[in-house]
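Next up, some structures in structure tokens.
Same chain, two partners: chain A is paired with chain B first, then with chain C.
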Partner chain A sequence: MKGGGFRIYVLAYLVFLYAPILLLPLFAFNDGTVIAFPLSGFTTKWFAAAAEQPSLWLAVKNSLIIAAASAAISTALGIFAARASTRYEFPLKGGVMGLIMLPLVLPEIIVAVSLLVVLLGLGVNLSILTVILGHVLICTPFAIAILTSAFQSLDRSLEEAAYDLGETGLSTFRLIILPLVMPGIISSLLISFTISLDEFIIAFFLAGTQTTLPIYIFSQFRFPQSVPIIMALGTVLVACSIVLLTIAEYLRRRGLARSGAKDTGGFL
Partner chain B sequence: MHSGGEMEQETRWGRFRRSEAAQGYLMVGTPALYAILLLGAPLATIILYSFLTDGYLEIIRDFTFANYREAWTNELYRSVMLRSLWVAAAVTAVTVLLAFPVAYFVSFHVAPDRKSLWLFLITIPFWTSYLIRVFLWKVILGFNGVVNSGLMGLGIIDEPLTFILYNVNAVVITLAHAYAPFAILPIFVALEKIDRSLLEAGQDLGESKVMTFWRVTLPLAMPGVIASVLIVFIPTIGDYVTPALVGGPEGRMVANLIQLQYLKLDNYPLGSAIAVSAMSIVTVVSLIFLFLNRRFLRGPK
Partner chain C sequence: MTVAAKPTMIEFRDVHKYYGDYHALRGITATIRAGEFFSLLGPSGCGKTTLLRTIAGFEEISSGAVMIDGRNMEGVPANKRPTNMVFQSYAIFPHLTVAENVGFGLRRARLPKEELTRRVGEALEMVGLRGLGARAAHALSGGQRQRVALARALILKPKVLLLDEPLSALDKKMREQMQVELIKLQRQVGITFILVTHDQEEALVMSDRIAVMFEGEIAQLADPETLYRRPTSRKVADFIGTMNFLSARILREDAQGIEVEAQGLGRMLLDASQAPGAASGTGTTAGFRPETATILFEGQKAEREAMGTIDEVVYFGDMTYYDVRLDGTEAPIRISMRNVFGRPVLDIGARARIAWSPGAVVLFR
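What follows is the complex of A and B.
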């Protein structure tokens, strides 16, 4: 096998990447309140305790609403922007696209405070809605990045053939382009959903008195007795996000296979 | 000539409406408007606020540089900003140095049809809840944590190590773990683009493997290295959660300071000045690296 020493280093690196996540289920099922070795027996009581917290369920519900809305809106905006940037040339294109993609290179706290100042200045009440406004802002660049690669792999002659056969611009988009970029749209929805679900600082600033799942977890840091409950919650979250990502990756590959492009790697 | 002016304008407008540029604007219009209203305008607002004066419960419209003077000369604020810069630099260096061999391995030593599986494996931890991961590091590094209980159980140490939690070290470890996948991907993409025949040519011309790496592979991979430096540096310098949760009082960073000014002290002008300063530092560092990148692309002379 080529690169023996390399292989050992890379495996060690993967262990470093995965170690904390592998500890999660270990302590979620551990029958002890202190997170330390040795383990003291198997239990599922922390999962039951987590499920019994009404404030946790409220936070989950809020987070799901915010994530679903942010994913839908940012993917819709992403479709327009990605289509514009891959298909059309227009003056100031770089500047306009640059502004839309700016949140990728801006620390999130700056997005959060600047939105907070403007919303308070306009007299807007902070709620789930204001969190959605902020999350759409940071999810849209990721949606555009994913959708741009979907639109780029489109064969333009298919579109022209449809025009030649008498379809209008709109019907061509619906009948030809949309089905071909559908896997990209779905993976953009899933990625935006995951980003929004996990986002803390913007939600922390813009949620007012509402809580989201990350805000709930953040608030539990102060209580040592709730650590095992957070471990159980984390196990569930990690399992969910692995399932979502596997679906997203599967769809992305199928989309590439369908449009005949070469697989060039991950989402980013 | 003059009588035809109106007609000509109309056809020009008609031509514009059917033109590629108009269709492009029509497409990009909604997302652009969203970004202008909810990102452009708010950023302009905090830049404006940073030059105004803080009054009791209101902002006085007096133009001043006092907020910036305070942000840059006050010992406390300056030390927090310097620490943020230092922590972000340390995290970036550690992350990118550790990531490069992994990206190299996946690009050069993994069969092509298995590369995307490897990348998927590397990215999974990144997509799991960030707060949960920070929580786990707190648990791992804590006084009664996994590291201490493990080491004491093995008899390597007698007393728990205290230098690993609630200080800058803990912040660096946690952030270096959090941004690892982000550093690998751009380097991997750059390595994939390298024409393998160049490497063979290098060795055919009598260079050793090490020299070929040093003189061919590394310079060609530099754009990827610089991209990953920026991708790690920018979010780390503005990170709030990690310093707040594992940093302790010694590990506070600029995001914590901004939050304090806005939400606790209600001093919007000073908070804005600190935020704009942080943004400027990020921009300056990014520009330096982009400039270095251009030098690399032009090649050594």
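What follows is the complex of A and C.
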């Protein structure tokens, strides 16, 4: 059959990608401590057990604080950078933008180690604040990439029209630019939030005595009896991620439709 | 014309504009009168849009002065100028309704709600969009967006309305309709309209006066008829419509006029007004429009006749264009003939007698 090989490849690729994730809910609802087939029965007790762990709740709280703060800060920084790169010409623009985007491809472990060395050298106490710092560093390039495409699809004469009709630079930004790039801002917030939430290496190095959700999960894997609880937790996280990304994509498309731009595909 | 009596609205005094090394405006000096429909016409890159944007305040000039209603606009930002603009892309705010777009400029006036609604309604009525106020802006057609842009710019009752190629995105039929509507609208509101266009026909149809621009300079500023009948340079003559050029020689120039011998046409005596341009130093040329000469059919006679051979025939339905090589000339000239019922269309290669008139000739020196 024509294209048969290609179909098999696509199928194999999807199975490899998603089958392990599908195992999460399977074992999360399985009434047995061993992660193996055959399944022994349906239960929701692992979810209840997860909810009863105080250290888990602390890790969730920390992670949410870190993710929310990282998302807000990196999106704010992203707005400035995207506005500057789409609207103004300045010396060494290409080089400056390249350096800002570099953390996108830097190995996280290098970022984590160098940040740790610098922070310890400066005598800064490790806390969730230092994790936020690290996460802002890795989230900002994503925010810039998303927001640049949002700012780029803005017709420059919209700004001029508002200015021409008596508005100031600031009120033009508030009345015209901000509403039109809002979908981009929201998807930047969601993406940064998601990246920060499941980031492990930087959090592991910079959290000090604090734990975040990924660190908690990693540490719990040493105890076989808590593996089903992790499965339950993982199921909840996967569900949340899917919901968040769906919202982000929906908003991105709606933004494109509203400003009448062509869909160039994907978030970045 | 009544326009001549009106006071000056805009004055350019030796306006120069540089973008780095690029000299975009090279000493523009001109006045635009109050209540005038004025066009800036030229090919792309001639500086017409830049000149318009110096009036709006979107471009700072490098030297010279732009005066609006007697006031020097130096240092006055776009949001404080008594001008409003209709953008080429219309720049309709896509996240607002039609009424919110139109009323956008009144936001700062903090009018009571009924007053605002009334004025937005009036503006929509004026451009023929009554009842569409609640419509989302991104759901409009091209022609409707154009009207919203007009209403939005006119609601502030500016002294000058600036139109940056407003019709270029519309199809031919819509464009012709909007041309007529714009003229009517301008007469109705009495505001000075300044239109930027690269379409010579559009400029001729709509304007009281036209400034033809090439390479950052105004080549000629005149009313449409003068521009068409008495262009001051070959370049202007070529840009506005079609003109035939024949190389010529000045035999005598005195109080009676200018005696000229043109290739293919022979000797003629021209009035001094038929040589409106300054000397360009590129040689002397006699020019005439395709419709000022006719091909004579059997039995017809004319005071001045020339002989030629038909080189090409282009049939347009109501018109036929003939390219005719006059005896003793190299390049063919074009003659346009209205197709009258019963008159045959001539064939390529046929001999033709051409009637022409010295009064229609323009001399370029």
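Operating definition for what follows: the second predicted complex is superposed on the first by the 262 of 268 C-alpha atoms of A that agree within 3 Å, B and C clash if a C-alpha of one lies under 4 Å from a C-alpha of the other, contacts with A are read in each partner's own complex, and residues count from 1 in each chain.
Just so we're on the same page, a residue touches a chain if its C-beta (ideal position, glycine included) is under 8 Å from a C-beta of that chain, and two chains touch if they have at least 3 such contacts.
Computed from a predicted model, the values in this text were never measured in an experiment.
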Judging by the criteria at the top, classify the pair chain B and chain C on chain A as clash or fit.
-> fit
Once the shared chain is lined up, is A:64 touching chain B (first), chain C (second), both, or neither of them?
-> neither
Kindly classify A:218 by the partners it touches after superposition: chain B alone (first), chain C alone (second), both, or neither?
-> first
Touching A:145 in the superposition: chain B (first), chain C (second), both, neither?
-> neither
Is A:124 touching the first partner chain B, the second partner chain C, both, or neither of them?
-> neither
Kindly classify A:72 by the partners it touches after superposition: chain B alone (first), chain C alone (second), both, or neither?
-> neither
Partner with the higher number of touched chain A residues, chain C or chain B = B
Geometry of the superposed three-chain model: angle at chain A (Cα centres of chain B and chain C, steps of 10 degrees) = 90
Contacts of A:21 with chain B and chain C, given as first, second, both or neither | first
Which of chain B and chain C A:176 touches, first, second, both or neither = second
Shortest C-alpha to C-alpha distance from chain B to chain C once the two structures are superposed, in angstrom?
-> 11
So, in the complex, the side of chain B touching chain A is made of residues 20-25, 27-32, 34-36, 38-43, 45-46, 49, 98, 101-102, 104-106, 108-109, 115-116, 119-125, 127-133, 135-140, 142, 144-146, 148-150, 153, 177, 180-182, 185, 188-189, 192, 230, 234-235, 237-241, 245, 255, 258-259, 262-263, 268, 271-272, 275, 278-279, 282, 286
Quick one: in the complex, what on chain A touches chain C?
-> 155, 157-158, 160-168, 176, 179-180, 258-260
Using the touch definition up top, name the residues of chain C that touch chain A in the complex.
-> 56, 58, 77-79, 83-85, 87-89, 91, 93-95, 104-105, 107-108, 138, 152-153, 156
Contact footprint of chain B on chain A as seen in their complex = 2-3, 6-7, 9-10, 13-14, 16-21, 23-24, 27, 34-38, 77-78, 80-81, 83-85, 87-91, 93, 96-97, 99-100, 102-103, 105-111, 113-118, 121, 133-134, 136-137, 140, 144, 194, 198, 200-201, 204-205, 214, 217-218, 221, 227, 230, 233-234, 237-238, 241-242, 245, 249, 253, 263-268
